[in-house]
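Take a look at the structure below.
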Amino acid sequence: MADKLVISTENEAFLARITELSGETITVCDQCGTCSGSCPMIAEMDVTPSQMIRMVQLGQREVLDSKTMWLCASCFACTVRCPRGLDVAKVAEALRQVTLRKAIDRINIRAIPADELAELPQIALVGALRKLTG
Amino acid sequence: MTSEKHNAAQTLEKAGPSKKTRFPYYPGCTLKTTAQNLEASALASAEVLGIELVELPRWNCCGVVSSLADDDLIHHVAPVRNLIRAQEMRAAGVVDGETRLVTLCSMCFNTLKRSNARVKESADDLKTINEFMYLEDDYDGGVDVVHFLEVLRDVGHERISEAVKAPLAGLKVAPYYGCTLLRPKEIGIDDPEAPTIQDDLLRALGAEPVDNPYKKVCCGSYQIVQNRDAVADLAYDILRHARIAGAEAMTTCCPLCAFNLDRSQREIGEKHPDHEPMPVLYITQLMALAFGLPPECMRFDLNYTNPKALLLSTSLAGEEA
Amino acid sequence: MNTSTGIMERIAQSTSSVTTGVDAADIKHWVTIYVMGRAYEVPADLTIMTAMEFAGYRLIRSCGCREGFCGACATVFRREGEYKLQSALACQTKVEDGMYLVQIPFTPAEKAVYDIGQEEYAYSVFNKHYPEVARCVSCNTCTKSCPQDLEVMDYVQAAIKGDFEALTEASFDCIQCGLCAMRCPAEIVQYHVAQLGRRMYGRYGSPTPGHLGERLAELKDGKFDEALDALVSATTEKLEELYAARERESDD
Amino acid sequence: MRVGVYVCHCGGNISEVVDVERVAKAAGEEADVVMARDYGHMCSDLGQKLIVDDVKEHQLDAVVVAACSPQFQGGTFMSTLKTAGLSPYVLEMANIREQCAWPHADAPSEATEKAIDLTRMSIAKVRLDEPLVERTMPIGKRVLVVGGGIAGIQAALDLGDAGFEVHLVERDPSIGGRMAQLSRTFPTEDCAACILSPKMADVPANPNIEMLTYTEVESIEGTLGSFDVTVVKKPTYVDSATCVACGLCEEKCPVSVPDEFEEGLMTRKAIYVPFGFSVPNKNLIDASVCLRLTRGRDVCGLCQKACPHGAIDFDQKPERETFTVDTVIVATGYQIFDATEKAVYGYGRFENVVTALQMERMIVHAAEGNPIRPIKGRVAFIQCVGSRDEQVGNEYCSRVCCMYASKLSQLLKRSDPTRDVYVFYTDLRAFGKGFEEYYKRAQSEGVKYIRGRVAELLEDPETKKVTIKAEDTLTRQIIESEFDLVVLSVGLCPSEGTEGIADILKLAKSPDGFLQEAHPKFRPVDTLTEGVFLAGAVQGPKDIPDTVAQGSAASSRAIRLMNQGEYALDPIAAFVHEDLCDGCGLCADACPTGAISQATGVPTISEALCTGCGICLSACPRDALDLHCYTNDQLLAAVEAALKEGRNGHGTIILVFADDTATYRLADNVGTGKMPYSTNTRIIRVPSGSRVTPKLMLRAFELGVDGILIGESESKSSPYAGSVEAIGRNVSTVRGVLESEGIDPGRVRFTEFVTVMLGKFVGELNGLSEFAERLGPIPHDQRETLGRNVNGKLFGA
């Protein structure tokens, strides 16, 4: 049997936190899926961007276990198309911040082979460390 | 470097623009290393058009990719610090009161412009950041961040055409816009869904822009650090569609796009034997080429996929290129 | 160095505890400092280091050359009524009334292991060994914390840009006290980064002095062979004589 | 001046709290009061008779009734005065029930003091009341209908059938509008042309309708009962009397251009008939492309040579026509969203991306057996193109797209059941009669609905097939699927003509750009301009039955006015003190309804257009403008009366200017709810808070008021355009002056209300009262300086 979806006021706190961090009125998302259809990284994702938003709407913290926000390249393809004017990229940022602010990094930069690191332009490293480490 | 300046100046003399316009210019770290070809070609081409990009004497990394969390101000310190440097330059009388700060790297452009917009909009945020600064003057919100392509658009493509010495006739180029030149809408320099600014410039240079439906699709950006395969897949799609559309080369304005699209062709080649390598050039490299500038202004040696064969085949490059 | 010699002599002469060795009546100005939260009355003329010793601390770590060169005596302090956190070298800074302070005898930091001869002289050396440099947010806290008044942020930025010369110039006077690294929100170890940069510059970047090359060539050509042979074969007396008669600047 | 005052017990409702005898006694001591009584039920027949008898016996020429709210019984006592032979406008009511007895039931002594004050204020005001006579204007039976789509046609036919004189103006060469282009109608699948064409034919056949096609409205001036209309009839260059639309001219015409009626899918000639069943069905020449008309007299002219009737006339000129009508119906309809604005869908660039309206035309021609282009393979509909999309600035739902897509998709499916038809949607809206059933039918016929908005389209450069990228949000899977034809279900936008007519008639727009009705529930086809009505999609997207219903509704609302033969003018209107006016004209600029016209000298104010908002009063630097029934002198007299006994035991006195639409009624509701609030409040009724000029407020402070609250109806439910903004400006002016005089600017407040915000009203009143109490009264010398400085500060030295 499928899992039951718990909807309760306790979930509101998570929604409130993400709303505060992102500055976006996440509840206005009408789940049209434009963001998912626009996402360049969608092939790698376990949860689609629209689903990510849905989970935040319902206050489901499990969204933090997904890869989606870590795969977001902040390309704003979703943002410029969202018919409800939501900045989805900001929501992804808020979700990353929840984890990063607990001093849990997404990547261990030292684990990347030195020759790979050496080849990267700084812009890549700066960007990745901004988004993936706290 | 001397020879480059000398040559540019000569060309300038021939083109005969009367007065030089000086802009404060923010390079960004990558332009000093892997993307020296972007900087060299842009500065030299600008000179041909009577534009001098005066590098800020002191600048720091823009802290690329704007912080998007509403409560995160610390990551706007770096961009604002650079805006203060531009403000200082103007105050010092170096750039004739020019308020525009020119950028070449589209990611730096995006980051600086976003932070600028944020502090212009929020007096509270500006105050907090100003208070956080050390010896710097307060930022007064008086700088406008622009991309070099906007400056060129203002110059007018007609004037650019006039400066062309070696038209890129017959060269089919797919301009690649990526994200940071276009999005978000209030930051971008062109229609986020139907951009033409590079197409127009290419046409002015005599090249034939090719419409690649993937020109706005993200290259994967900083995901290259943790997700090389995914970036290679994206690059493959972008390059493949450009090829289908008939392109022989691709242009960009972003050192990270350039890296992801150009460097990834090694992996793409391994994964897709049918992949035909495609040179990925900075649009300013093609401009310098069309302006007839010497090779040290193009620095094709820094491009991963050597464009020499292509340019020779279209008899666009002299022997030395 | 500007310590009150009179008091210092008395302290040095004391046989029992340091404090009782001083006649309080001789000291005109007293200040209160707080070391790790505890208040001490100390003479106003002392450096932080001597004041702590005056207060009874025996410094085993956090104390080295006492002359502002070794960087061992890093200290952070806050003045009463100020929000700013200050940093200093304990041997170089006088105590002030209402100073709250603590010593930072050691900075935990990992230093990369590399073989300078094997590295490519490019920005990428930092990516390789200190990739966290890319986390710099240009907050300038490092510069504010440097007791040597170095432009620390600028040299970190120079590392990002791969500008070894600027890095070397800006970081040359670093004494590796570690205060920058302790305050850095991006967890960069600035002084190690700088050291790598300076070494790279020294190896690959700094200009080769022209006369050195000339002299080496002369050596190779045997220009000095004769003179050297003469010295090698000389007696001790002859050598002493030559030494005494050498060309030198006057002793004055 | 002889005033009678009547204090009502309201059967105990008032007298159990308020000492009515004391009120009557106090009233009797006021100047000019010759008669002051208290009585059990003033509204009863006997109570009213008391007034009528007293008027006669004591020659009263003004009456004050201290009783309930004038909102409640004002009409009753106005009739009483008429019966007594007085003007109904020499009546004032002191609202001592809703504003005294009920809210202050637990403070009877304060309630009585307040009742005395309110009665004194009414006496002060009634002394200055003018015995206004309601004027009436004649109204005829002439109507202008702008727009000849189905809404305009319906309105015109209803009016024509009812015997009214109708001028139907259509800018296109044929009436019929968008409906004429449609294939079938949902959900009944009637042939649109078949049901529309008879109605179109009825228009010219109706003797009461003047049909003016290819005609634009140039100007409309005047008011209800006399709108002077100027229209310009564009030249067709074909004599309509002789042309028989034989088509010989078209055969010869060398110019081909995209055919608008066919949405550019086919071409027409420069000389053409708008469409097969157009009305009128005559040829015309498109002057913008005709070779003769664009290049010169000696060019081409082949049509002229070909016409066997000599109907071609290149010398035709635009004709201007003027006429007068009594009412106007605006039915300028919609236009479809310009899909090129949604660049991501490639319309105009991709060969196989068409709009739904193009699809309508394709289906019409396919059904007739001569398809414009083959419809083969897989077809996808993309919903909400230009609707519900903030990225293109349209937040609203276009209401018809779900159903027309369901219609087109099942027509396609039915023509070839093996065809794949997909509809990509976000929400499927099937709210109308028979809609849900129709949607189910489409599903049962195999149309696949995919819940996901299409992110983008990509065209294959070789095959020209189109790939759709979208998420199926129900399975959370990404779709990248190739289609042979993609149909954009484009939304409905205000038509170009709407913009023009809105400017000409000064009609308000709602945020979506469509025209604003007077009230969303009770006056859905009225506008705030008396005598101007809306019909159809000009007011917002709607389907055919709703549009037709509005056409009929608008005509019926127009008939309601015109059938009376005359209409009464509301006497509450602005007027000019001619001795004060210097003819500067600022009032005319300020008037939101265009009621004030001023060329030179004293402006004239149209009583019919003036809504009585009073915005012009604040614009006048010389106090030359005033408002009947609420003159500056009257309101100041009332303020003075309120302060007759100083602060009457209170620390402070708070004045409330309550607008008639919301705040005054709200105060009544608070009273009826017996919700107590601070007893030091004195409420003055005004039509709109915008009538309260900065000078009036400052004068009130000078007289001794300690705080002023202006309550105004929220702008969306206010009948006065621009009132909220005007009050905001006035209040900030007053605050500026107060601040410069060292008086706390927080003493003036402005709040928007609706009639149900009981708690908010009480909170605002108590808040201001407590604030003023904390500050204490404004010291006497400050008030005096203020008084001296008012004019200088407001109007410059």
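All chains are identified by letter, namely A, B, C and D, in their written order; residue positions are counted from 1 within each chain.
We take it that a contact is a pair of C-beta atoms (placed from the backbone, for glycine too) under 8 Å apart; a residue touches a chain by one contact, two chains touch by 3 or more.
Note that the structure is a prediction, hence the values are computed from the model and not measured.
**Q** How short can a chain-to-chain path be from subunit B to subunit C, counted in steps between touching chains?
**A** The fewest steps needed to get from subunit B to subunit C is 1.
**Q** Chain with the smallest distance from its CA centroid to the overall CA centroid?
**A** A
**Q** I'd like to verify one number: the distance from the centre of subunit A to the centre of subunit D, where each centre is the average of its C-alpha atoms, in whole angstrom.
**A** Between these chains, centre-to-centre, one finds 45 Å.
**Q** Taking each chain's centre as its mean C-alpha position, how far apart are subunit C and subunit D in Å?
**A** 78
**Q** In angstrom, rounded to a whole number, how far apart do the mean CA points of subunit A and subunit B lie?
**A** 28
**Q** Which residues of subunit A are in contact with two or more other chains?
**A** Subunit A, residues with two or more chain partners: 80, 112, 119-120, 122, 125-126, 128, 130.
**Q** So which bits of subunit C are touching at least two other chains?
**A** Where subunit C meets two or more other chains at a single residue, that happens at 123-124, 134, 160-161.
**Q** Multi-chain contacts only, two chains or more: what residues does subunit B have there?
**A** Residues 29, 33, 61, 63, 75, 185, 193 of subunit B each touch two or more of the other chains.
**Q** Hey, which chains are touching each other here?
**A** So the chains that touch one another pair up as A-B, A-C, A-D, B-C, B-D.
**Q** Please output the residues of subunit D touching subunit A within their complex, sorted ascending.
**A** Answer in residue numbers: 344, 384, 388-391, 426-427, 451-456, 469-473, 476, 478-479.
**Q** List the residues on subunit B that touch subunit A in their complex, please.
**A** 28-30, 33-35, 61, 63-72, 75, 105, 107, 178-179, 182-185, 192-193, 216-218, 220-228, 230, 233-234, 255-256, 259, 263
**Q** Please output the residues of subunit A touching subunit D within their complex, sorted ascending.
**A** These residues of subunit A touch subunit D: 30-38, 42, 47-48, 50-51, 80-85.
**Q** Would you tell me which residues of subunit A are touching subunit C in their complex?
**A** Interface residues on the subunit A side: 109-110, 112, 114-115, 117-120, 122, 125-126, 128-130, 133.
**Q** Can you name the residues of subunit D that touch subunit B in the complex?
**A** 342-344, 391, 458-459, 461-462
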